[in-house]
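So, here come the structures, one by one.
Note that chain A is present in both complexes that follow, paired respectively with chain B and with chain C.
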Partner chain A sequence: MRAYTPKDNVQKKPYYTDRYWVAPQVAKHDVSSDDVFVHDLDAIKAKFEVLDAYIQVDQMVVIINAHDNFAIIEMLKNEREYNQLSEMSAIDWLATEGKFEIFYQMLSMSKRKRLRIKCKIDEKESLQSVEKLFRSADWSEREMYDMFGVVVNNHPFMKRILMPDDWEGFPLRKTYPLQGDEFAAWYEVDKIFGKEAREIIGPENRDPARIDRYDTERFSRLGHEVPRGTDITNGEPDTPLVYQEPEGVFLIEKFDAEQSVVISDRHR
Partner chain B sequence: MAQHQVNYLKDGGLPVALTTIDKVVNWGRSNSLWALTYGLACCGIEMMASGASRYDFDRFGTIFRASPRQAELMVVAGTLTKKHAEFIRRLYDQMTEPKWVISMGSCANTGGMFNTYATVQGVDRVIPVDLYLPGCAPRPETLQYGVMMLQQKIRRESASRAQKPKRLM
Partner chain C sequence: MQQSNRLRPFFENITFDRVDNEMILNFGPQHPSAHGQLRLMLHMQQEQITKAHPDIGYLHRGMEKMAENMIYNEFMPTTDRMDYIASSSNNYGFALAVERLIGLEVPRRAKVIRMMLLETNRLMSHLFWLATTALDIGAMTVFLFAFREREYLMDLIEDYCGARLTHSAVRIGGVPLDLPDNFIGDLRKFLDKLPENIKDYEDLLDTNRIWLMRMENVGVISKEMALSWGCSGVMLRASGVEWDIRKEEPYELYDEVEFNVPVSDKGDNYARYKLYMAEMKESAKILYQVLDMYSETEPALMAHAPQYISAPKLDIMTQNYSLMQHFVLVTQGMRPPVGEVYIPTESPKGELGYYINSQGGAYPYRLKLRAPSFWHTGILTDLLPGHYIPDVVSIIGTTNIVFGEVDR
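Now for the complex of A and B:
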């Protein structure tokens, strides 16, 4: 058996670092290279301020001010035929810029084009809901609130969607620990048994791969079972699989392995 | 009156079987383990396969029930999330005594590969477990063997004495 090494905090130290690796950037092209997007961008620029616009992987990315989001998406839907909001969520840039980036991925079925609207908001800033325009934004915005804590105004049902209602913290933020903070670690114990049960139940075992071959209190080896708590440091006897008690079971016919039929053709 | 000696305690005597109350009750309990359908994730598929025709749990008297009030066995098949923990505890409390729990698969045993904030690291943090089945997911044969082990455990228990409710803490 392989020697056991503790795996408690494997994720703390990355096992591979390359200081000279530079993240590849997707090439950005000028919007004027595409006939359809040029007109869309001109229409947006006529009414609203556009901070930046470019084409990446045949999709136009338009970076706008956060307070214009509803008006721009409404215009794109009603006048520019972008009739589907396929995806929207937030990206956590709090560590580097102190801001969330919100993106709306839109699709025009008639033009066969995809367009992405991006805007940035501060951590405490709220955003206008686009649920009135696209029903798909209903759950997406709830998920955005659930996972990042971005509050959306004028949403019909601003409530957590995945995590429990009484959850603390926003799990998809970069600052949230993968294995949960203290609230998450004791959530089910606190809720079901109360805080006083913490000492009795004990902390979570975050190393579920841990197996102690000689621990007969909690482990047993199939085919080598011994009574609980037996010391097996000097080996253990072979015990064949027992399906019934050796003396037989009351009112139940004894299973005889010799008499059983093994089916050779499994597709019969 | 017959001339020959009749041994009433042997087969072919009177239609009488001598036994103890314990054995009869435990025979009944161990061979009519009605299980609560508790498929939480992919292990639930294996649990359904165990109940279907090829593996046929009905042979053991294990019939899946959709109500905790009609069930005495809970096969926790799959990942238990923290959001769901209170509901599994509530359903466990609604089952009538005596009751048993099989924790099926790595996720239910220890949290398995979901070493994250949202997964309960083993259902035994919430409800008392009688039998842990390893595997990801365990084959239906494993679940069958597990149920047979549980039947053996039930037969060993005393039935006449009121069973003490199991406590987690």
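Now for the complex of A and C:
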């Protein structure tokens, strides 16, 4: 019986696992240890529900409810001087929790502080766009949709940005294999030559490191030398050696060592 | 008459499909001044742009996906391919993020060498920017001059790590090599000549009538717009925001060196050009100070953290336990603690950030690359309307976008 491989996370797994290994944690500090963040957090807590908050590697992480995202970021921008949204994206937790985690990385230049707002949404749930507050979210949210399929409401142009518009599947989900899926293997063939050319061309090799043992058309081949295009699936035929004919080839004289001058000193 | 066996007249780049005189012009993806694979769909009224729609993704290689399937050290050469004009700064950003995740302190000599690499890369990147932008505008001489100087720096980097473009010259936990003997002397020689070179460029460009017409009051980015679009680096500083991550959130030895952050409040192409020139001078200033620091450092190059970083080669070859740890680190990879970091660094293009979410495994659970050029391309949507076709070229030039970084 073939070994079962889980389909909900097809990313590379470590070959060696240590069942007694307990991974250490990056230290989480209490928010009250920082004078600036504690006020920011109080301001958020006064109006909204905060699920968790801590400081990790000098940045505050605030975990909120997904439906509060616009209001909280609006407040941070207008009242707490967080004037740039440097980054936002999603993390795929579908395999373990069935949710996406969205993070907003914000920067306050006047306070020299960075904080991260995080929230979780279900797979089919959509999110409120913050594009009205920060134009940078325009492209970030499109990228998030492109890569994860997280739909954002009230976005002016919710289309794919990096992948082609007619692409199927969301490449950064854990269910999506690194080499691409069935659709990806046929995409260019279908697009350029049409579906009817599938039989002739075959699927795209999306693993550039793959070597086909029986391919004599391309350069990578193991085994003996055979003429190009020979079918070697049932073993390699003996290729007879062909020598130059005894009279010699037209215009080409055979090398005669006695009649030749051999130059031993190249600087002569 | 239309003959059925002949191709119909077909304007490759132009479609006329509106009655209101609006024309859609397709700029790129194979346009020489698009600096890579940028496609712009420009809605035009006569010569004026009314709407711009940048289309990216032609160089998308899925680096974030690749990162999830690689051990941390394996990903280092991939980061080279982001901003391939200054690849050491990408290497460095990634190394720093992993180091902060683990909580590593890097030896001082490694810091000094990293600073040298970072600033040399900044010079290389700015020289490349100057060369290509000037060429786009038509200044062939500046292109040749700037490439000559960049060539010298590339040779210098080649002396250090053997590569000219994709350096991979930084490791997680330090740097792989000490400086070769000629490095400091050669770099000093270059730096001594640099002011002369910069003066040459400025003499050619500063008061050049064509250059001024193409640059002044073209592509004006307001402060609000720059902040809202997530601009960073020169794009932000040219719009009057004094924000340099090297200064505000110093990493490595940037808090020990003296340098100024040039700022302009004009926000136009010319302001950005002036800032690039000023930044080159500041980089030279930093490099002089770092060169002096080098001789005072201890020879250690890699941090000592057996759980994460391989021991020095001598230990690996002589001590069995170091060899075993090295074997495990190479075959299985280091396993950083559970947690997440977002570490910004000031790359030549702007804020280069790495977000890493580690679940304690040998592969990052999620790695997000925050590349500055991504937003500097996005801002074209709002920046180009109102401008004319020739302005598009100079604006793309001064945004200094690199498509390895935009598409990742």
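Throughout what follows, the second predicted complex is superposed on the first by the 180 of 268 C-alpha atoms of A that agree within 3 Å, B and C clash if a C-alpha of one lies under 4 Å from a C-alpha of the other, contacts with A are read in each partner's own complex, and residues count from 1 in each chain.
Just so it is clear, contacts are C-beta pairs under 8 Å (C-beta built on N, C-alpha and C of every residue); 3 or more make two chains touch, one makes a residue touch a chain.
Remember, predicted model here, so these are calculated numbers, not experimental data.
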item	value
First, second, both or neither for A:163, with chain B first and chain C second	both
Greater residue coverage of chain A in the superposed arrangement, chain B or chain C	C
First, second, both or neither for A:205, with chain B first and chain C second	first
Touching partner for A:197 - first (chain B), second (chain C), both, neither	first
Which of chain B and chain C A:65 touches, first, second, both or neither	neither
Chain B versus chain C as contact partner of A:128, first or second or both or neither	neither
First, second, both or neither for A:250, with chain B first and chain C second	first
Chain B versus chain C as contact partner of A:138, first or second or both or neither	second
Touched partner set for A:178, first chain B, second chain C, both or neither	both
Residues on chain A lying within both footprints (that of chain B and that of chain C)	162-164, 171, 176, 178
Interface residues, chain C side, partner chain A - complex	56-57, 60, 62, 64-66, 68-70, 100-101, 103, 225, 227-230, 232, 241, 243, 248-249, 331-333, 335, 337-344, 351, 353, 355, 357-363, 365-366, 368, 370, 374-375, 378-379, 381-382, 407
Of chain A, residues touching chain C in the complex	11-12, 14-16, 21, 23-26, 28, 56-57, 59, 61, 83-87, 89, 91-92, 103, 105, 109, 112, 114, 116, 134-136, 138-139, 147, 160-164, 171-172, 176, 178
Contact set on chain B toward chain A in their complex	17, 19, 23-24, 27, 31, 82-83, 85-86, 89, 106, 109-112, 115-118, 120-122, 125-126, 145, 148, 152, 155, 168-169
Complex interface listing, chain A residues touching chain B	162-164, 171, 176-181, 184, 187-189, 191-193, 197, 200-201, 204-206, 208, 241-245, 249-252
